[in-house]
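First chain A sits with chain B, and in the next complex the same chain sits with chain C.
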Partner chain A sequence: MDETRRGFLRAAGFTLLGASCASSLGACARALAGDPDPEALQAKRWAMIVDLPRCLQKEGCRACIDACHRAHNVPALPDPRREVKWLWKEPYEHAFAVEEREAEYGSAALKGKHVLVLCNHCDNPPCVRVCPTGATWKRPDGVVMMDEHRCIGCRYCVVGCPYGSRSFNWQDPRPFVQQVNEEFPTRTRGVVEKCNFCVDRLARGLMPACVEACRQVGPAAIGFGDLGDERSALAGTLRSRFSIRRKPHLGTSPQVFYIV
Partner chain B sequence: MLEKALTGSRRYFGLVAILLAVIAAGVLAYLFQLSHGLQVTGLGRDVPWGLYIAQFTFMVGVAASAVMVVLPYYLHDYKAFGKLAILGEFLAIPSVICCMLFVFVDMGQPMRVANLFLHPTPRSVMFWDIMVLSGYLLLNIVISRVTFTAERRGLPAPRWIRPIILLSIPWAVSIHTVTAFLYSGLAARPFWMTAILAPRFLASAFASGPSLLILLCMLVRRTTRFDPGREAIQKLGEIVAYAMATNVFFVLLEIFTALYSDIPEHLHHFRYLYLGIEGKTALVPWMWTSSALAVLALFLLLIPRARKSDRGLTLAAVAVLGSLWIDKGLGMVVTGFVPSPLGHVQEYWPTLLEGTIAVGVYAVGGLLLTVLYRVATSVREELQA
Partner chain C sequence: MYDGGKIIFGLVLFVGAVTFPAWYSLARGGKAAPPELVLPKNEKQCVESREYIRSRHMELLNEWRDSVVREGNGVYTSRAHGTRHPMKLTGTCLRCHSDRTQFCDRCHGYLAVAPYCWDCHVTPKGKP
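So, the complex of A and B:
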C-alpha cells in the first residue's frame, strides 16, 4: 500500500479519535463539575402530601397524571396488563390494602374512590435493597432514583415493591410516546422505570409537574416540600392535619402522605 | 475422558440429535423474544416472574440434591453409593447450568448481564445467589473430575480433594437456602414471607432430586451394562420417602398457619392456589393433581413392599417429581403475585413461545446430562470389563 496514503489514513483516524475523546471528555468534565443551577430547589428530605378530599372534589380529573406522563415521556400502552405508569389512580381499598369488611363500614366514605398513587420514595426502600446492580438507589435528599442504563431488567425491584409502583417495559415504549419531550430521555424495552419526584425539574428550580398541573386546575390537592425542615409548609401541614400512609406497618416509611 | 462422548450406539446419537433439535427450536424462540422483548411471554405488571424463574427455583433443588448421595458416601463412608456419587455430581452440573440459563432468558436486558459483576451489590440476595450457584458449579466440576479421573486409573482420590468434597455438602444446602431467601425476605409478598420457605425448599429438593436420580439409574441400568446397584437405588428410595414426608408436613404447617390465623393477606394466596379467587382458577386443577400425586407417592414410599419393587419405586419417583414440579415449577412463584399488592387478581399462563424457550433450556441440560452420563457409564463399563 502507498506509504503516504497509509500515513494519511492513520493520521486522520487518530485525529478523529482524539477529537471525539476530547469532546466527550469535555462533556464528562462539565457533567462531573455539575455546577447546580443556583435556582435549583433543595431539601433535606423531599416529601409529598395528597389532600384526598380536595382531590376527590374533581373526580375523573387527570391533570396531574397527564402532565407527569407528558413531562417524562411515559408511553400510553393499550394493554392494561403491560402498562407503564408513574402516577395513576387506584380504588382506595386497593391503594391502602383495606380489608373487605373494613372497606364496607369503617372507611365506607372512601370505598371505590380513586386515590392518586405513585412511587412512595420510601425512607427504607425495599426496591433498593433487592436490586442486584445498584441500578436503583436513594439520594441524600430521599428521592429513590432509577438508572435505566444500568438496569438489567431482572424485575426483582418490581417483585420487592409493596406498592406496585414500578413498571417494566415489556416492549419498546417509544412508538407509544405520543409527543416526545426532548428535555427528558425516553426509555428502551427491558428496563424498569417509575416516578422520580421530578428531580429533573427540581434541578431547574421547578416544582414537580403533577404539583404544578394540579395547582393550575383548581384548589391545589398535591403538596410538595421538605420534610426535614420544620418550618416548611409541608411539615406544618403534617403537624396540623391527620394523614395516613400506604402500608406503614411494613416499615418502608413512605414519604407520600395522604390527608383523609 | 470426554472423548467417550464421541462414541456410542445409534440410540445415543439419536437422543443427542433430538436434543439438539429441541435446543435449536428454543434458540429460535429466544431470538424472537430478544427482538420483541418480554411481551412475548404471558408476564405483565401484576405477575412479573413466571415460568422461567419457577423452573430456575425447581432446578436449584435438583442441583442441591446431589448432596443426598455425596453426604452418605463421603461423610458416612456408605459404600453402596460409591458408584452413584458420580451420577449425582453429573446431575448437579447440568442442573446448575439450567438454573443460570433460566435466569438469563428472564432478563429484560441480557446484553447487560455483566453489570451483575461490574456492580456487585451484596445487599441484594440475588448477588449471593449468583455467588453460591457459581461456586457450586465449580465445586462439582472439580470434584467430579478429580475423583472420576482417579477412579478410572484405579487410584484413590488425592487427599486434598476431601476437604473440598466436605465443603460441597453445606454449599449444596446454601444454594437452596439462598434461593429461598430471594423470596422469603420480601415484605411485599406475604405468600413467600415465611421462615419455613428455606426448609421447605430443601425438603422438596431432597425428594425431587433423588427421585430424578432413581429414574436415571433405572434408565442407565436398562440401556448400558453399568449397574449402579440395587441397594443404592433402594437407599435413594428411602431418602425420597423421608424427604417427601417432611415436605408434605411442611406444606401442611403452612396451610395450618394461614387457615387458622385467618389473616386475609395470607389466606388469599392459598385460596387462589386451591380454590381460585374471583373465578380465576388456572392453577386449581394443577394443585389438586399435585396433592393427589403427593398422596400416591407417600403411599408407595411408606409401604415397604411397594417401595422395594422396581415398578413401585419407579412409579413413586415419577409421582414425587410430578407433584413437586407442579408445586414449585408452577404454583409457588406465580401464587406470590396473585393477588398483587394492589389487590389485583391477574392470572398468568405461559405462552407457547415461553414454553418453547423453557423446554429449550431443559434440552441444554438434557444434552449435557446425556454426554456426561455417556462418559460415566462407558468408563464404568470399561472398569467392569
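So, the complex of A and C:
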C-alpha cells in the first residue's frame, strides 16, 4: 500500500464529483414528456367561496354533492363508520368553532342549519406534513393533491386533518359506486381519498363539478377562482363581503371561505 | 447399500416428477402457444412503435401516471410519430383495445404478471 493521504482524498473527490454528475444527468433524462392541455385553467392560488345565505335559499339541496360524487366515483357506503365523502353537509355548530361563530353578528340565521364542507386545500396543510410517502402534497397552484398510487394507507393524514376531510377505504369501494364514471378511476381498499378541487376538470378547462351543478340549479352559491389574482371575481368578493374560515386559529390557513 | 433398489427407484421417480413440466412441454412440441392478441380493427398505429410498446409500455404508463398526477401535464407527444394524445389509460389505450380480456390480459396471463391498474382504473362499459 503506497497510497498517500493526498492521493486518497483526490480519488474520493473525483468519485463524489462523478457520482453527483451522474445523478443530475439521470434526473435530466428522467424529465417527464408531458405538456399541459392548452385549454387547462390555471391560477396562482385556487380558492373557493361558499355563500351560505344563498346556499340556504335551497335548503336540503344536494345538487353539488351528487355532482361531485358522480364525477369522482365516490361510493355510497351504508355504514357511517366506513363512509367516504368529498363534499358533504355538517351542522353549522360542528363546522365552525365557538369563537368563529361569535365573531359574526348575523350567525343566528345559521343556527342549526347545515353548511357545505370539503377539503380546505390549506396553505399550510398538516396532512402533507405528516404523510410519510409523499402521497399527498401541495401543488404550486395551492391544490392539496392526493396520489393514491403512493398511498400506503397509514392514515396519518386522516388524523392530521383538523376538518375530517379525508376518508379511508376500509373495503373495495367499487361495488358501492352507483354509476361508474369511466373518465375517472375508482379507488381501492387501503387508500385515503378526499376532494381534489376537481384538478381533473381544471386540466380540461372546466370549473369544478360542484360549482357548475350549483349554478345549474339556481343559487350559484359556490364561487371558485384565483386568490392570487387581485382582479379575479373571487378576490373581489372576498374584499367586499365578510367571510369566515374553518378553524383558522390552528394555523392551517384554509382556502375555503364562507360568506355568513 | 440397504434398500438400494427402493432408493434408486424413489430418486428416479422424484427427478421425473420435478422435471415433468420440461418433459411435458417437449413432448407437446417445444414451446407453449404464444398468446393470441385481438388487435383493433380501425386503428393501425399505437402511440409509439410496436416494439417500444411491446417491451416498455409499463414504463410509459408509469411516466404518464407521474406526469398527470404529480405535474398536472396530461398531453403526450409521441416520440415516434409526433402525434399528441391524452395521457389516459381509459381514453387512449382502452379506446382502441376496448376489451382488455382480448388484449392486456392475454399477455399478462401468459407471463403470469398481475398489474393492479384495474383495481382502480375502469375498463369501458360492458367489459369486465
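The rule we apply is simple: the second predicted complex is superposed on the first by the 218 of 260 C-alpha atoms of A that agree within 3 Å, B and C clash if a C-alpha of one lies under 4 Å from a C-alpha of the other, contacts with A are read in each partner's own complex, and residues count from 1 in each chain.
Everything below uses one rule, namely that contacts are C-beta pairs under 8 Å (C-beta built on N, C-alpha and C of every residue); 3 or more make two chains touch, one makes a residue touch a chain.
Everything numeric in this text was worked out from a predicted model, so none of it was measured.
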{"item": "Partner chain(s) touched by A:T186 [first = chain B, second = chain C, both, neither]", "value": "second"}
{"item": "Touching partner for A:Y156 - first (chain B), second (chain C), both, neither", "value": "first"}
{"item": "Chain B versus chain C as contact partner of A:D229, first or second or both or neither", "value": "neither"}
{"item": "Touched partner set for A:M145, first chain B, second chain C, both or neither", "value": "second"}
{"item": "Shared chain A surface residues [contacts with chain B and with chain C]", "value": "172, 188"}
{"item": "Residue ranges of chain C in contact with chain A within the complex", "value": "63-77, 79, 86-87, 90-91, 116, 119-122, 124-125"}
{"item": "Residues of chain A defined as touching chain C within the complex", "value": "32-37, 40, 73, 139, 145, 147-149, 172, 180-188, 199, 203"}
{"item": "Of chain A, residues touching chain B in the complex", "value": "79-83, 90, 93-95, 97, 99-100, 126, 129-135, 150-156, 158-164, 167-172, 188-192, 247, 250-252"}
{"item": "Residues of chain B that touch chain A when the two form their complex", "value": "36-39, 43-46, 48-49, 103, 106-110, 112-113, 115-116, 118-119, 121, 123-127, 130, 182, 186-189, 264-265, 336-337, 340-344, 346"}
